[in-house]
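What follows are several structures.
Here come two complexes built around chain A, the first alongside chain B, the second alongside chain C.
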Partner chain A sequence: MGVDFWQILMNGAVELISPTTAAYALAALGLAIHFGYTGLLNFGQAGFMAIGAYGFAISTLTFQFPVWAAVLVGVGASVVFALILGVPTLRLRADYLSIVTIAAAEILRLIFTTNTFDPVTGSANGLSGYKGSYGDPVTREGAWGFAGLNPFPKGSYGFGPWVMDEYNFFLTIVAWVIVILAALLTWQLMRSPWGRVIKGIREDEDAVRALGKNVYFYKMQSLILGGVFGTLAGMIFILPRAVVPSNYATTLTFFIYTILLLGGAATILGPVVGSIIFWVLLSIVSGFIARAQGAGWLPFLSSVQAGQLRFIIVGVVLMLLVIFRPQGIFGNKKELAFVK
Partner chain B sequence: MEVTGLRRRRLPALALTFIALLLAMLTIGSAPATADEVGLDEYDFKVSGLVELNDKPLAGVELVIEGSGFKVEVESGDDGRWAVGVPEKGDYTVTLNEETLPEGIAVIDPEDETPNVREITVGQSGSAVANFFIGKGERNTVSWGQQLLDRVINGLNFGLLLALAAIGLSLIFGTTGLNNFAHAEMVSFGALMALTFAVQLALPLWLAIIIAIVLSAGFGFTLDAAIWKPLRRKGVGLIPMMIVSIGLSLALRYTFQLFYGGEIRQLPFAGMADLKLGPISLSPIDLASMAISLVVLAGVAFFLLRTRIGKATRAVSDNPSLASASGIDVDRVIRIVWIVGGALAGLSGILWAYFRPGVSWDMGFQILLLIFAAVTLGGLGTAFGALVGSLIVGLFVEISTLWLPSDMKYAGALVILILVLLFRPQGVLGRKERIG
Partner chain C sequence: MSSNATPSKGAPVKSTGLHVGEPAPGVAKVDPIIVADNVTRTFGGLKAVDVAHLEIPRNAITALIGPNGAGKTTLFNLLTGFDKPDTGTWTFAGTSLAGVPSFKVARLGQVRTFQLTKALGLLTVLDNMKLGAKNQKGENLFRALLPFLWRKQEEEIEAKALDILQRFKLDAKVEDYAASLSGGQRKLLEMARALMSDPTLVMLDEPMAGVNPALTQSLLDHILDLKTQGMTVLFVEHDMHMVRHIADWVVVMAEGRVVAEGPPHDVMKQQAVIDAYLGSHHDQDLGATESENVEAMKELLHDED
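Let's turn to the complex of A and B:
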């Protein structure tokens, strides 16, 4: 039994434009604003994503909100979360923010996992059934939720490896449109006076303070903006799957850091291309390992063990990136994210 | 609970034993065709629940879910959870087969004639939960004071084992400035080594523990020599180093899983019966754990306060350049700190394996944030602050279970961390210097 390389490549190609890739790109873009441009060590991006996911799902399921209201609830909750995180820590040294954000994200995950709130959060089993319904294929009667907004007729779309049904087609378009808009917004912001102050804070906080800028407020605005990107990413992330609380562990944040550092922390395209490279390579590598294991090329591994290799690879890649190419693929060596 | 007490007493003990025997034979004879998750992928809607007795999950309890012309059987899994997919919204009956409960245990609800049958509705949320009140035939109450005392003792035990790991982390932070996320894996490493030598190689426990601690010390030394020293030489900043430690933590953690698998295994003598010491009940393992922690912590204190190298360590923590200028070999101090930190983390991992109880690949990662919380609470970089912080975290985690659900106890400790940073960012014992 050989290894079907063509199939592995095709599976990798699917990840090129998948909504999951878009979600990670958007979350990494938010982190680029925090970490790359402002120098904030936010280790709680998973928490912002969880707020988006649960904010959307709970508003839809428990309160039967329409899509726009559910999105607003998620975004509003993430602004509140950013304020709660920022008020005590943005005046302190950078590593304090990292500890508080990672702790806050874990608190959120524990709250979403506990049995106490099971009727609302679904506890460890999570939530599903918030995607809505397309309704009647012709009259669209009974359409609700995100699937109900789909303007495309039922059928199959795309070509080659990218063939999908109308739901995934609509979702893919929405996801990437949001990513592109967010990237354009970030690009414009970073070349505006606001962006110059933000980058100044990263380089030398005291110098910016000496110029009469209120560093604290700028940091807070950056934390909120990047957090909202993370929240929107959390919503895109759950639309192809179900909400499961264990997805929002700190490992998620570390994956996003890997993506960000892969592309380049202080760049616009970096997070987007980083996410694409990350997911395509991860799919190809784990597809190859799984099939090579199945074909008996790796006799010392079981199929479960072969699945764990991807995490080891991510960890090693993260270490090597930071040590040998901290500016990432697109970054400028002069504009390193690591200043202190 | 009078009603249940009566109900239980009506059943002759002989008949119960007979049924239990019969059941045991049945389960041995035929492998159960049920699982803890049935049809979740097939159907969009879900009924789930948890079978617990006094916070301990009960496995292998049979439940039948019926309604809307649909019927499915499920058995609770090892974690006591079960879940089934159901085809549509509507009303369902969940029946718990009481005969699959352990002997002397029943579903209790004084206001219900048939407490083992519950009606539930799968509504808009697409899922519903059916939990049962399970208890002994009669209710046994523990006075609040007794509960508090038990929690305090447990909290001290937990705090002391946290302190072992936290002091190592704090010393490493103090001397190198590194926030070492891979400390969690140093904790797991100790427990996994103890498992390897005590269970897989069947050495005597004391020998296995000594070998595990020596190997953990070697692990700390290797990490410093192979990764951190070259990075310090290269002049890599502190934040990149922290992210390297995150990558290292991820890679090591899944390497452990690769070799040891996902299951939880026990070290020898885990789960020994409690001894009664006046109002306190403790297992010999708990006693030994606390004694070992206290002796080792006293040893660390002696090392830091009385020995030359300990004083040099504190000098480097205070001001590396000044220490270096006064003739202290900073690299040697850092190497020793990594060795000591590795050994302490390894010991902490072994004690944590007895406290949880169980050894698993991610056990260190589960308490990493509590260790960080302890170090931050005490004041980053101060060894004795880490001890105080650990005791606060340990006590708080355990005592909070008097009010908080037990699956939320870690969240409480993390909330305290954030509150302390809000009001006293330098930590309980930290000096009030500029940290902004």
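Let's turn to the complex of A and C:
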């Protein structure tokens, strides 16, 4: 056996609770509000995430804002972005929103990539150094930024495959607490009369209008709320890594759609479990391919090609899942019986 | 809602003396709820609606009839803010409604149903009904997060919904998805849902289409019941039996215009109405649609009561 299956599984287990998994879960939850509950075809969730990432990083690096202010800047920018997208399109047919969001997210990415704003955005190289510092291990002198907020003493935490330093431990806890709070908020909203209007709009917005509800206003609220979830996800996403503009391409939005459909579009747990499955599966498959290639089992592939192969395999697995369980893992089979 | 006004089984009591002067297109009403002036709407070169003056009497049942494509649905869309006219003004209970968006029209108490039924498929029948209620505290994003603010109202709404559903014989379907209802049941649900808002004017676009004849009588009784409860009804219908049976007043449209108005028995004998249904070229070959119109004409002229 040239391949260490145990190690591959362990690496997969790491993804189970990683902050990145949490970030994708949160972004997918935002998309569940848009697409699953309201029927808004937002193809620009990557744009909302980019706003979170850059809003946080630029506020911290360029303006030396404290963490709370950097978060507020990101959220505020995302509300403005949602208004810009929504005001002209939400009165029109559903497909206009999808075209405008996909274009707007790409425009954002190109603005962040261009050299023109290099001193602020870091252009194609992106940004780093915004995570802050733990400061002195005892006195906490010099502590700043997100790392400076860490209440845990320096050291190693966790067990089994989930062993991490104090920074990642803190980040993991913060990330999942935010996901849980967002899931509870969504759950409460969707069982309220507000959620009933939202789901009614998904089914037929003219019928909801005829019942005296301001459909435009509700769609705007939904777009903002789901977008803010995406923005917070964008902030979580950059805390274990650097900000790189190429991460915010349209493929990011499609991965989040994959996660959403995998878990169930109009569900609360679906996006969370979908994200976990997606990342664990991706890690296991890529681990396996890398070892197999290293052991010479895939002589017809270069290592770069092998790196791409994981997306093909994951794509096929997800296709099978969607074909044989189209309502997603948590979706209601009964609902699906009526999908036209 | 006073639910126990058992609909009469015999011939319904017709409201009379609704108009002032001779019944003619645009005749004034004693107590109009809708007054429309010079409302026009064109699609390309086609004048779909061209109504010079129209008044709908309050607390009466008015039928809007006319051949296919006469502009009835378009007029409904205009009056409810779902479509914008080229010209025209109209008032509802004294309030000018031109340019008012559809959701505000509904909030003012003028509620409609659609010719192509709009049941909200992946909501349960009960949720469909609850959505119809007005002024819900929990429909505000922030209050939605605090259930103690709206739970009591929610219970009241549910009780009311169950009461109406029972009257519409949909109480066995409360927890089912609306998508699982039959076409006729969806028509009933849409009408029941409209009643959740306690409207003053109910506008029904072909409420009978697709409804099983066994249900027709009870649906007629429901509509008559609305009048007893003080509401005004304006409905579009091709079923002349229904029109004759429950309408107090009939407005006939053809090619966008109001061509005749009057009490049901008189209006159907007018030459303008016969022309509207048969076309003015009686002598030519009758196509399929025209022979249907002849059927409609025979029904119109046939006096049953």
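Here is the rule we go by: the second predicted complex is superposed on the first by the 319 of 340 C-alpha atoms of A that agree within 3 Å, B and C clash if a C-alpha of one lies under 4 Å from a C-alpha of the other, contacts with A are read in each partner's own complex, and residues count from 1 in each chain.
To be clear about the criterion, a residue touches a chain if its C-beta (ideal position, glycine included) is under 8 Å from a C-beta of that chain, and two chains touch if they have at least 3 such contacts.
Owing to the predicted nature of the structure, the values given are computational and were not obtained by experimental measurement.
After superposition onto chain A, the modelled positions of chain B and chain C are compatible, with room for both. Of the two partner chains placed by the overlay, only chain C lies in contact with A:S192; chain B stays clear of it.
In the superposition on chain A, A:I111 makes contact with chain B only, while chain C stays out of contact range. Touch criterion not met for A:M10: it reaches neither chain B nor chain C. Of the two partner chains placed around the shared chain by superposition, chain C is the only one that A:D204 touches, whereas chain B remains out of contact. Applying the stated contact rule after C-alpha superposition, one finds that A:N125 touches chain B and leaves chain C untouched. After overlaying the two complexes on the shared chain, residue contacts for A:F311 are found with chain B alone; chain C is out of touch. Superposed on chain A, the gap between chain B and chain C at their nearest CA atoms measures out to 9 angstrom in whole units.
Put simply, chain A uses residues 338 to touch chain B in one complex and chain C in the other. Contact residues on chain C toward chain A in their complex (touch as defined above): 80, 82, 101-104, 106-107, 111-114, 118-123, 127-128, 130-132, 134, 136-141, 144-145, 147, 150, 154, 177, 179-180, 190, 193-194, 196-197. Those residues of chain A that touch chain C in the complex are listed here as 185, 188-189, 192-197, 199-200, 202-204, 206-215, 221, 225, 334-335, 338. The touching residues of chain B, counted against chain A in their complex, run 44-46, 48, 50, 81, 83, 124-127, 129, 131, 179, 231, 234, 236-240, 242-244, 246-255, 257-258, 261-262, 369, 372-373, 376, 380, 405, 407-408, 410-411, 414-415, 417-418, 421-422, 425, 435-436. Remark: chain A residues 41, 61-62, 64, 87-89, 91-96, 98-100, 102-104, 106-107, 110-111, 113-116, 118-120, 122-125, 127-130, 251, 254, 257-258, 261, 304-305, 308-309, 311-312, 314-319, 322-323, 326, 338-340 touch chain B in the complex.
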